[in-house]
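The structure appears right after this line, and notes come after that.
Which chain is which? They are A, B, C and D, in the order written, and residues in each are numbered from 1.
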Amino acid sequence: MRRPKRHRRSVLACVAAGGFLLSGCAGEAGGGTTDGATCDPEEIKLIGQVRNQTNPYEAAWLSGGDEYAESVGLEQEHLTYDGDSQRQQEQIRQVLAGSGVECTVLNVLPNGDSDTAPIVAAADSAGALLVTHWNKPADLNPHDFDRWIAHITYDDEKSGYQISKALFDDMGGSGGIIALQGILDTSAAQNRFAGLQKALGETPGVELLDDQTANFDRAEALSVTRTLLTAHGEHVRGIWAANDDMALGAMQALEAVGRDDVKVVGIDAVPEAIAAIQDGTMTATVSSDGPWQGGIGLAMGYCAATGELDPTAVEDENRAFYAQHFLIDESNAAEFADRELDMSDFECANLFNRATGPIAE
Amino acid sequence: MSTPQAPVLAVEGLTKRYPGVTALDGMSFEVRPHEVVGLVGENGAGKSTLLKTLIGQVRPDEGKIRLQGEPVTLRGVAHAGSQGIGMVFQEQSLVPNITVAENILLGAEREGVRTGVYRWGAMKALAQQQLDKIGSSIDPGARTDTLTFAQRQMVEVAKVLTIEERTTVEPVILLDEPTSVLERREIATLFKQIERLRQRASVVFVSHRLEEVLEVSDRIYVLRNGQVVAEVDPHDTSPADLHRLLIGRESDGGHYHEDAQEPCDEAPLRLRVEDLMTAGCRSVTFDIRAGEVLGVAGVQGSGREEVCRALFGATRFSRGRVTLDDRRLRLRSPRAAVRAGVGYVPSQRRTDGIVPPMSVAANMSMAYVGEICRGPLLQGKRERGLVDRWIERLGIKTPSTTTAIGTLSGGNQQKVVLGRWMVGEDLRLLILDHPTRGLDVGAKSDVYALIRDLASAGCAVLLLSDTLEEMIALSHRVVVMKDGEVVKTVDTPRGAKPDPVVILEEMV
Amino acid sequence: MVVVPDLTRAPDRATGSLVRVRGQLARFMPLLLLTALLVLLSLRNPDLLTRNSLLTIADSAAPLIVLATGATIVILCGGIDLSIGALASFASVLTALWIPTMSAGVVVPVILISALAGLLQGWVHVAARVPSFVVTLGGLSLWSGLALTISGAGTVPVYDFAALRWAFTRTWGLPSATLVALVLVVVLGALMRFTPFGRWVSSVGHAEPAARLAGLPVGGIKMLAFAISGACAGLAGVLLVARTFSGAPTLGDSLLLPAVAAVIVGGTAITGGHGGLGRTLVGALIIVLLRVGLSQIGIDTSYEPIIYGVLIIIAVSVTIDRSKVAVIK
Amino acid sequence: MSASSEGPTAVARVRERRPRGADVVHAYASLAALFAMVVVFSALSPQFRSVDNLTSMVDSAAVLAVVTVGITFVLMLGAIDLSVEGVIAACSLAVALLVANTRTGFDLGVAGVGLAILLGAGFGLLSGLLSTLLRIPSFMTTLGVYAIGLGVATLLFAGVRPVVEDPWLNGWASDRFLGLTLASYIAAGAVLVGWLIQRYTRVGRYAFAIGGAEDITRLSGVPVARYKAIAFAVAGAFYGLGAVMATSQLGSGVVEAGTGLNFAAIAAAVIGGTMLAGGRGGVLQSMIGVLVLTVLLNGLILAGVSPYAQRAVHGVIVVAAVVAATWPVRHRLGVVK
């Protein structure tokens, strides 16, 4: 699938320009960046924004944020936009049109790559502190901004690669697989699939029979898998899913057709998946630690707002980094089953402990 | 309990006011057991409002309705039915996409439905009972929209008769314009039905066709301006007398403005139709001269409607050649026809003729919007001027040009529709499909006058009409259609109008 | 306010003063409701009433207004256009792809193509007599499928920002996008009011057979309505690109139902004939206020959809003018 | 004596309103469309012809079929229902929480399923009552109810997905008889019930009549509002059942269980000949539409059409199918909106 080539300077320029043009929106909220100015802890406004509360991962994310907010004696304001890009933009702009923007911390999960630039532009011009996750265009980077503290994501290509390997091993290194892709219009889906292809290249025994998108959706995964199973019948020995929800959907399809010889892998480590791994119906998944993401973004913002963290002082490769993640299989599933949030992660000193290196361009 | 002469239904001082008009103004009359009472009156005389109050659709402001001497307040059609008043609606009140049986029993299935579950056998049996009352052979299982219009009207009557089972008293049946869209033979059957009906009920018969009212009624009430102005005995009353009472003025032969009919034998040929074939007519050939009124006679299925619609581009014709002033017409759509100078006044005024919620002005300037535009822009002033001029010329009664046309009386609506075409600078051919249907005597007369004006202005007129008498009176010639072909052409010059029978023989 | 095609005042005048008053009330109901909502929400969050946040709402509303305006004309004809969202996405992708080659000029071809897309749907609807609901439902899939294909299912970033600066900046302190939307409403409003088009559309919506037998070019009117709706979707697409610095194959999809909701909340009859663009403008503002306002008043997000649903129903129940709609379905 | 020479144009008018035999033609035409599709796909892909694929198509059609039966009743009224996805979301969560599951102590089994279906009916009733009492177009009320349903689902979900542990309910999706899952038989039963309701009950027949001529039906003393509301409730109940089936297939309560079903169901009904204007078509016709859509989705994947292109092709074919179905009678159709 073709991905548009990018020119670093230009996006930066356009976002900066966007910021400049938008600055009117900030109004008395004092446009431009006001770094250095510290906020009184009570003044700080913590906001977490995710798509919706109707999937375990994002729900956990918000609760993580709540836990952190509580720990510093504040409340996290929830924003959910139902996977509706327009609505996400509207909400962000509306928040930034309010008062006390410099002391507002936004911990945002952009709906797609395309949504990150405007969010950054708006936040930057309004002077709000921003941490983003998962989706961003490769050539738009926090270290070009003062108030956009960090962009946190996981090495999707690596995750995709790891689960592929786990899958192939479990299959005994040979056989046909089918792949369920995520929402095609996201770097997450594309990178994870890239990981799969990398692994396929290294494992000649395994053949990719077919790949279809199920849009990260469980129900869709169910019906697509059904069809693909009839299309390729016994050849299918493994199913690679770009997230756990689809993996679980696929497993339902397998159950429906009474196939128990097909291995399944996914990504996200949602409780159901971990349970499935524990009782052996699923091979592996990769942890993306929702609660931690929900907390860490707020923590970074809080520390920056109180002056304990100077974003500009953070070295560039930590401004946009891959957070560490773990491959979860039978061996270690138990310890991930119910994992407490470790508050020490959120101390201003430890903010970047989980950084495992800069995001590859 | 009540003496035979005691009225079944008595209306006392009924009054209903609408903003601006008083529809019923202290109206009183009574209906005695087993009699057929005729109600006649011009549009706006209050007939429809009266009927609406009698079936509980409208609450009167003052006055009483007594049934069997007991004052009642009617709360809607169903309730009126349970009290013993039923109505056969002018525009038919049958649901097209369900069976006859369902229609007859709709809303009162009785044992046809047990605990919400249909028992089709019982349904059909019950419906059959009703149909038997009027000796109809219609299959209760048939889908209603597969019946002919006349058959559906029979179903209507059967439906109304179900109120017998719902009440202990003898019902009163209101027939609103039952004959207005029936064929001669069908009307005959309907009258037989009324005779049957009176065995078991009292009947109120409302019609524009004075002859018919005189034929079937035992007594006739004449309504005007929301009041009963006369009660007449049909046996010693002539249509002319009744007519006079009705419009409150003398009605002479001038009713059709016959003397205004100008000969047009020298006039050039305006329209020539050759070998036209379309759904419903095989091969039709005729022509019309400029300034000529050509009547087209024929029974249902003769194909005359189809010809009209085809000539206006409303339905495609598969074969044939139509030339207007020696120019071949391509009638792809009504649009094309209008462009060529053809106008059409449809028979279904409310649905096909007007846009009810829109203003008189908008409705009138619809066809020739060019008349009120400069370039692409509407010229408000120009439109008002034009419309006011025509409102005056046609004597349209309307509060203002911006009044919603739907609120006007049928007659005035029809005048606006006619005006719509007269606005056009060069209207060459006007097709009138039952232009006077549902209009009262006064309005009819006005429409006749307009048709004359058009003709003498050189416009060719193609006329389909409710009654032969009307058609003969208005036309220069009448072509008779049968089974999709023209079987005869009859000259009907001024002063030498033939007898309808001549044409009737050809039709059937 | 903007010019509202005003074929509807007539019936009010016709009848008694009381009715006229009710009629007038019905006309301004949407406006009253908008104010009421604003006041209510600002009770919970005073920030909403600041100049910025009002301007921001207006700014957010711009693409919705543009979409809804187009949809209004189709709905006035008695039809419906479900393809506008997908079409806007499609347009956004085209815009993003073509900006490198034709810069600011991109607007023209994009809007033209969208108009053609709309025209095509209109033609199928008219020629094959297929309900507009179905045709545009198919269109919905078609356009988003095309968008996915030509964009390689990816986001297409825009670098030449100057090209669309006009669509996302401030003029006289006002969001330019909002101004664009307003201009559109005024222009189309004028078209509806000062040319026969407006009354033709209403005639078709109120009584299509009558319109046809009066010789109106019914087919043409409908197709033009769909073309305009398409063009508006195209413009909306451009506006979206301007504010997200990129085009994406699903960018505008989520705006479909809000747009239609805006039309109806504005008081335009979904059965056709009665309504106007001014009403839709207000309706769009109401919807946006509900969309963003609710998340600003600090209620638990889980309750948000419920409240949204309830409010939207209340909104319609007070704004629709029942005297103008014969049978409500 | 004036003799009438009337030729009732009214008859012609009625025919225009509902062309005689149009329904039949439509049904046959859509069957033909279905057949054509089957032939084409069989030619394109050998797997398509396989028995496995047949059963898997039937299985995957089950939920859509049940939902379509429901929405058919609403469309027959001439109304529209956009609440499907919201209702299904709420019912899916509800049933998952009511039967044996990982979150709540309940283990109501059959009763739980019943309650979920009732909940669906409740939502339907709500839509119906709102549109009749407040006299709002169903387009908006159902849009509102959609949002409400989604909200209720979100509340029930509360961050943790309830996994169904009731073997009986899970069995719906996995237990097989003659190669088909129980769900398919349940769907078949639901279709039968739907047809019986439409043919033999007041609500069904009245819904049909109301769609045909609401004003007249009201004139005849039928409490139109009540039966409209009931029809919506019936529809809601079917959505509820659909939600239960989806839940058993997904193995847990999922808010997105109904994603995409709403428009799919409407499209199916319309392809089958249930006109949006109301008063036409019916449960069985709608089923033809369901088959068309299922065959289409399945066939496109098997025929190896690119994932992106699938949507586009899908849209075109849906319209084409309807065009094909209406073409023979298009000139007899009255106003088409």
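FYI, contacts are C-beta pairs under 8 Å (C-beta built on N, C-alpha and C of every residue); 3 or more make two chains touch, one makes a residue touch a chain.
Nothing here was measured: the structure is a model prediction, and the numbers come from that model.
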A-C against A-D, pair bridged by the larger set of C-beta contacts: A-C
Length of the line joining the C-alpha centres of chain A and chain C, rounded to whole Å: 34
Chain centre separation (chain A, chain D; CA means) in Å: 36
Separation of chain C from chain D, taking each centre as the mean of its C-alpha atoms, in whole Å: 28
Intercentroid distance (Cα basis), chain D paired with chain B, Å: 42
Two or more partner chains touched - positions in chain B: 351
Shared-contact residues (touching 2 or more other chains) in chain C: 148, 153, 209, 302, 304-305
Per-residue multi-chain contacts in chain A, two or more chains: 53, 184
In contact (per the touch rule at the top): chain pairs: A-C, A-D, B-C, B-D, C-D
Chain B - residues contacting chain D, complex: 76-79, 81, 89, 92-98, 102, 106-109, 113, 116-118, 120, 145-146, 148-150, 159, 179, 181-184, 187, 209, 211, 297-302, 304-305, 316, 347-348, 351, 433-434, 465-471, 500, 503-504, 507
List of chain D residues in touch with chain A within their complex: 45, 47, 50, 52-53, 56, 59-60, 89, 150, 153-154, 157-161, 163, 173-174, 176, 181, 246, 249-252, 254-260, 297-298, 301-302, 307-308
Complex contacts: residues of chain A adjacent to chain D: 52-56, 59-60, 62-63, 181, 184, 212-213, 217-220, 222-224, 226-233, 248-249, 251-252, 255-258, 270-272, 275
Touching residues on chain D, where the partner in the complex is chain C: 77-80, 82, 130-131, 134-141, 143-148, 150-152, 154-155, 158, 214-215, 263, 266-267, 270, 275-278, 306-316, 318-319, 322-323, 326-327, 330-331, 333-337
Touching residues on chain A, where the partner in the complex is chain C: 1-4, 6-7, 10-11, 13-15, 17-18, 21-22, 24-29, 53, 77-80, 82-87, 89-91, 93-99, 112-115, 117-118, 121, 137, 184-185, 190
